[in-house]
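Shared between the two complexes below is subunit A, which has subunit B as its partner in the first and subunit C in the second.
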Partner chain A sequence: MGNMIELRGVTKQYGDVTVVNGINLDVREGEFLTFLGPSGCGKTTTLRMIAGFEDVTAGTVVINGKECNNIPPNKRDVNTVFQNYALFPHLSIRDNIAFGLKIKKLPKKVINEKVDRMIKLIKLEEHMDKKPSQLSGGQKQRVAIARSLVNEPKVLLLDEPLGALDLKLRKEMQIELKHLQKELGITFIYVTHDQEEALTISDRIAIVNKGNIEQIGTAEEIYEYPCTKFAADFIGETNLLKCKMLDIVDKTSKVEWQGQVLEVYNNPRKYLAGYNVYLSIRPENVHFADCISDFNTEKYNAIEAIYDEEVYIGNISRHILHTSDGHQFKISRFTRKGEHFERGQKIKICWSKKRCVIVHDEGGGPTDEEA
Partner chain B sequence: MRKLDNTNAKKKKTGFWSTVAMTIGPMGIWTLLFFVFPFIYIIIVSFCSLDQFGNVVYEFSLKSYETLLKPTYLSIIFNTIKMAFITTILVVVIAYPYAYIAARARKKIQNLMIIGIMIPFWVNSLLRIYAIMNITSQNGIINSFLMNLGIIKEPLQILYNTPAVYMGFVYSLLPMMIMPLYTSLQKIDPAVFEAARDLGASSFQLFTKVVFPLSIPGIMGGVILVFVPAMFNFYIADALGGGKTMIIGNLISNQFSVAKNWPFGAALAVAIMLFSTLIIVIKNIISKRTEVQ
Partner chain C sequence: MKKVHYGSFLYAVFFLFLLYTPIVVMIAYSFNNSEIDVGWSGFTLKWYEELLASSDAGKAVINSLIVSSFSTVISVLLGAFAAIGFHELDFRGKAALDSFFYIPTIVPAMLLGVSLLMIFELLHIPLSKATIIISHVTFCAPVTFNTIRVALNGFDKSIEEAALDLGCTKFQTIFKVILPNIVPAMLSGGLLAFTFSLEDVLTTFFVAGPSDETLSMYIFGQMRTGMKPTLNALSTLWIAATVAIGVLMQMAQNKAAKNTAN
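Let's turn to the complex of A and B:
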């Protein structure tokens, strides 16, 4: 399958402020791609440039093989689902959904058929003659999605469409959206700041930070093998140790942390010696050395940490420690009865050399030598 | 037990009435004194007649209403309604672009545009009409400016004709249309504009299918505020029309001041009031149909 959307060096500046900084991205046909990032990172602006609501300062936007920089939003093969729904308050649900088709001046019969099918799909048959103000948030959202999908766009852009819904409804809608997307085979580009949502629904996730895409990959790739400090920290939780790159022997990368050598087996990216890097270790991969039967320094990295406290959350306990350089270190593990540590106690903690990743800081171009 | 209930009920009742008296009482008395009684008086007077000395005779008579149906007066009524109607259309056409630009502009410009409309509005409208007369008279600013430039040799006759009356009406009633229109246009969520564009609407379709329908409540509000005063106004037609343009406002004011025929003046007032009511009823029907809620 080919690329539905291609962004080539897409940049957006407002005066001196660069909001989107030369993004390159290919979105495949039929893919569910999510822009994930904190608010103000440029993800919505990128989406709006694809939709045509914002001009591109530099670079090109290609939709379905056609360069679209100078094509107005009403002539692009994309439709948008807005964050606050943006339904037409003066039209009934039916007329809202039919809006795009009526603009295209399709025959009445065709419009009715398509609209009926869409209303059925979103299960709002009983509400089709109501005005948007009479619907609940979730219903409005479904209408907004139907209003876009009925036009059979090549690409559907969704700007935090579930942001205004409560948690339970949001989770239901996530699954509904995912099913809808698979069923219709339309390319979805989705914007959210909710990492769980992104992990749940996306085929691929693009982590956006300060106008740059930090990493693109599947949920698993991003969680297991983040490539930047930001990506490691933004998705899930992680412990970051500030290290210096030493060298690579066979498949083992060596870094120096607080005068101690730590090793990483099979790091996906190879960094040049001497650069500042971070070692990212997920809390669930860290163990107490005493509790591991086959503990040895061949397989495990071990460091000393000082115990602070335990936070009990049902089946899982979180242990908070701090390292000799004063940084917090989190461990999460299944709660075991009778396990107890004293505040201030020195403890040897360890993690598998296969379960940690070397990452670079943002904009860490020079340290980055792709494997 | 029952006795207790009774006293309780009584207490509640007196409580209710004293609350009514204290809350809406003063305003109620005010309304009665200055609105309801004069209104009833006008209706009563309109059914009276005059004796040979010109005094009002308080006996039931339909004489004033018969006078009103004479062709001369009917044509004045018709003329008034026509003028109010044309004025309203002119005001909508002129006010719409202004209100639209104001509603979509940046906050700072929005405020400037609204203040620009409101400040002249706070000046007494009679004074503003005199100002217009001053500017547009034979030796006023416009004429002397054009003559000094040599564009015209003779001063233009701007005042004392029907277009001058329309100009005065439009000028003085414009804010009444801009304000409600601006408010209703400003309430439209900007994302709705984008949604329409996104769904393929051209600028023209955006206006006809989204902006205009959503501004109908504002237009209807403005129509009431423009149409009704345009029917009752008398000084604009007097001052700018030079007494040549007879509309119902002058006619009524003549009946009360010069001709001293109160019953006929009152009958005219009642007739035009009925017509205004009709307009408001029509407005309410349209508003209800286009209601968003």
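Let's turn to the complex of A and C:
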């Protein structure tokens, strides 16, 4: 399958402010791709440039093999689902969904058939003559999606479409959207700042920060092998140790932290010696050295930390410690009966050399080559 | 329910008394049998009969309806498209132009009348209903413009983007999405303009032709020869009509509020 969307050096500037900074991205046909990032990172602006609501300052937007920089939104093969639904308040649900087809002047019979099928798909048959103001948030959202999908676009762009819904409904809609997308085989580009949502629904995630794509990959790739400090921190929770790159021997990368050498086996990226890097270790991969029967420094990195407190959350306990350089260090593990630590107690903690990743800060560590 | 303080109750009564006594007295006297406004001497409808029989009053009503209807329709159209233009476009001097649109509503009506008369004289335009209508549009169009502008300010920009997204041209977006949504604002702005036009006497006085006496001018003229009970009857009918318009306006606004609360 080919690329449905290609962004080449796409840049957006407002005056002196660069909102999107030369993004390169390929979105495959039939893919569910999510832009994930904090508010103001440029993810919505990028989406709006694909839709045609914003001009690109530089670079090209290619949709289905066609360069679209100068094509207005009404002539692009994409449809958008807006954050606040943007339904037409003066039209009934039925007429809202039929709007795009009527503009295209399709025969009445065809319009009716398509709209009927759509209304059935979103299960709003008994509401089709109501006005948008009479629907609940979840229903409005379904109408907004149906209004776009009925036009059978090549790509559906969704701008935080579930942001206004409550948590339970949002989770239901995430699953529904995912199913809908698989069923119809349409390319979805989805924007959200909710990492859990992104992990749930996406085929691939693009982590956006300060107008740049920091990393693109599957949820697992990004969670297990983040390549930047931001990506590591934004998806899930992590512990970051500020280190200096030493060297790479065979498949083992060595870094120096607080005068101590820590090792990483098979790091996906190779960094040049001397660069400032971070070591990212997920809280669930950290153990108390005393609790590990086969503990040895061959397999594990071990450091000393000072115990602060325990936060009990059911079957999982979170232990908060801090390292000698004063940074917080979190461990999460299954709650064990009778396990108790004193505040201020020095504890040896450890993690597998296969279960940590070297990442760089923005601009802080150019990668030598991709492994 | 919260207990209302005795003092604030008295204040409210006093306030309403000041507001409504003149109107109530006028309505009551329109049914008074006596021709002199001194005391009640029995119920009658004769002033209404006399009023309806008077051809001058009838003509004035018709003149007023013609003038006010035309100036309202013109003002609504001008106001709507100006407001849409303001909403859609960004241009230099927009803020300055915006404040210019308010000025005709705060210029004293008499000065407006004098200046309009001067212009008509300069351009050799004979005074007629048309000149009244032109004059009324100058102070009614800002009213409709602002009413519609406010409605558009509350209109979600992404709804227009949705229309573009679904294949509309800019032009189609205006006619298929924006206009239907500002109809309530056009109605309420129009009714406001209509009442402004109907009651204006000062500006109209300067720009009316000899045979174009409007209702407010007629009443003004009648007053010069002393208070007549027929005037009470006429005013009562007028108030009834104005209240009806006010109620209609309120209904239009409620509908607008309901639509935008989506």
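The criterion applied here is as follows: the second predicted complex is superposed on the first by the 366 of 371 C-alpha atoms of A that agree within 3 Å, B and C clash if a C-alpha of one lies under 4 Å from a C-alpha of the other, contacts with A are read in each partner's own complex, and residues count from 1 in each chain.
What we mean here is this: contacts are C-beta pairs under 8 Å (C-beta built on N, C-alpha and C of every residue); 3 or more make two chains touch, one makes a residue touch a chain.
None of these values were measured; they are calculated from a predicted model.
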| item | value |
| --- | --- |
| Clash or fit (per the criteria above) of subunit B with subunit C on subunit A | clash |
| Touching partner for A:Phe88 - first (subunit B), second (subunit C), both, neither | both |
| Partner chain(s) touched by A:Lys104 [first = subunit B, second = subunit C, both, neither] | both |
| Touched partner set for A:Gly326, first subunit B, second subunit C, both or neither | neither |
| Intersection of the subunit A residues that touch subunit B with those that touch subunit C | 51, 53, 72-74, 78-80, 82-84, 86-90, 99-100, 103-104, 131, 133, 147-148, 151 |
| Subunit C to subunit A touching residues, read off their complex | 156, 158-159, 161-169, 172, 176-177, 180-181, 258-262 |
| Partner subunit A, residues of subunit B touching it in the complex | 189, 191-192, 194-202, 205, 209-210, 213-214, 290, 292-293 |
| Footprint of subunit B on subunit A - complex, ascending | 51, 53, 72-75, 78-80, 82-84, 86-90, 99-100, 103-104, 131, 133, 147-148, 151 |
| Subunit C contact footprint on subunit A (complex, rising order) | 51-53, 72-74, 78-80, 82-84, 86-90, 99-100, 103-104, 131-133, 147-148, 151 |
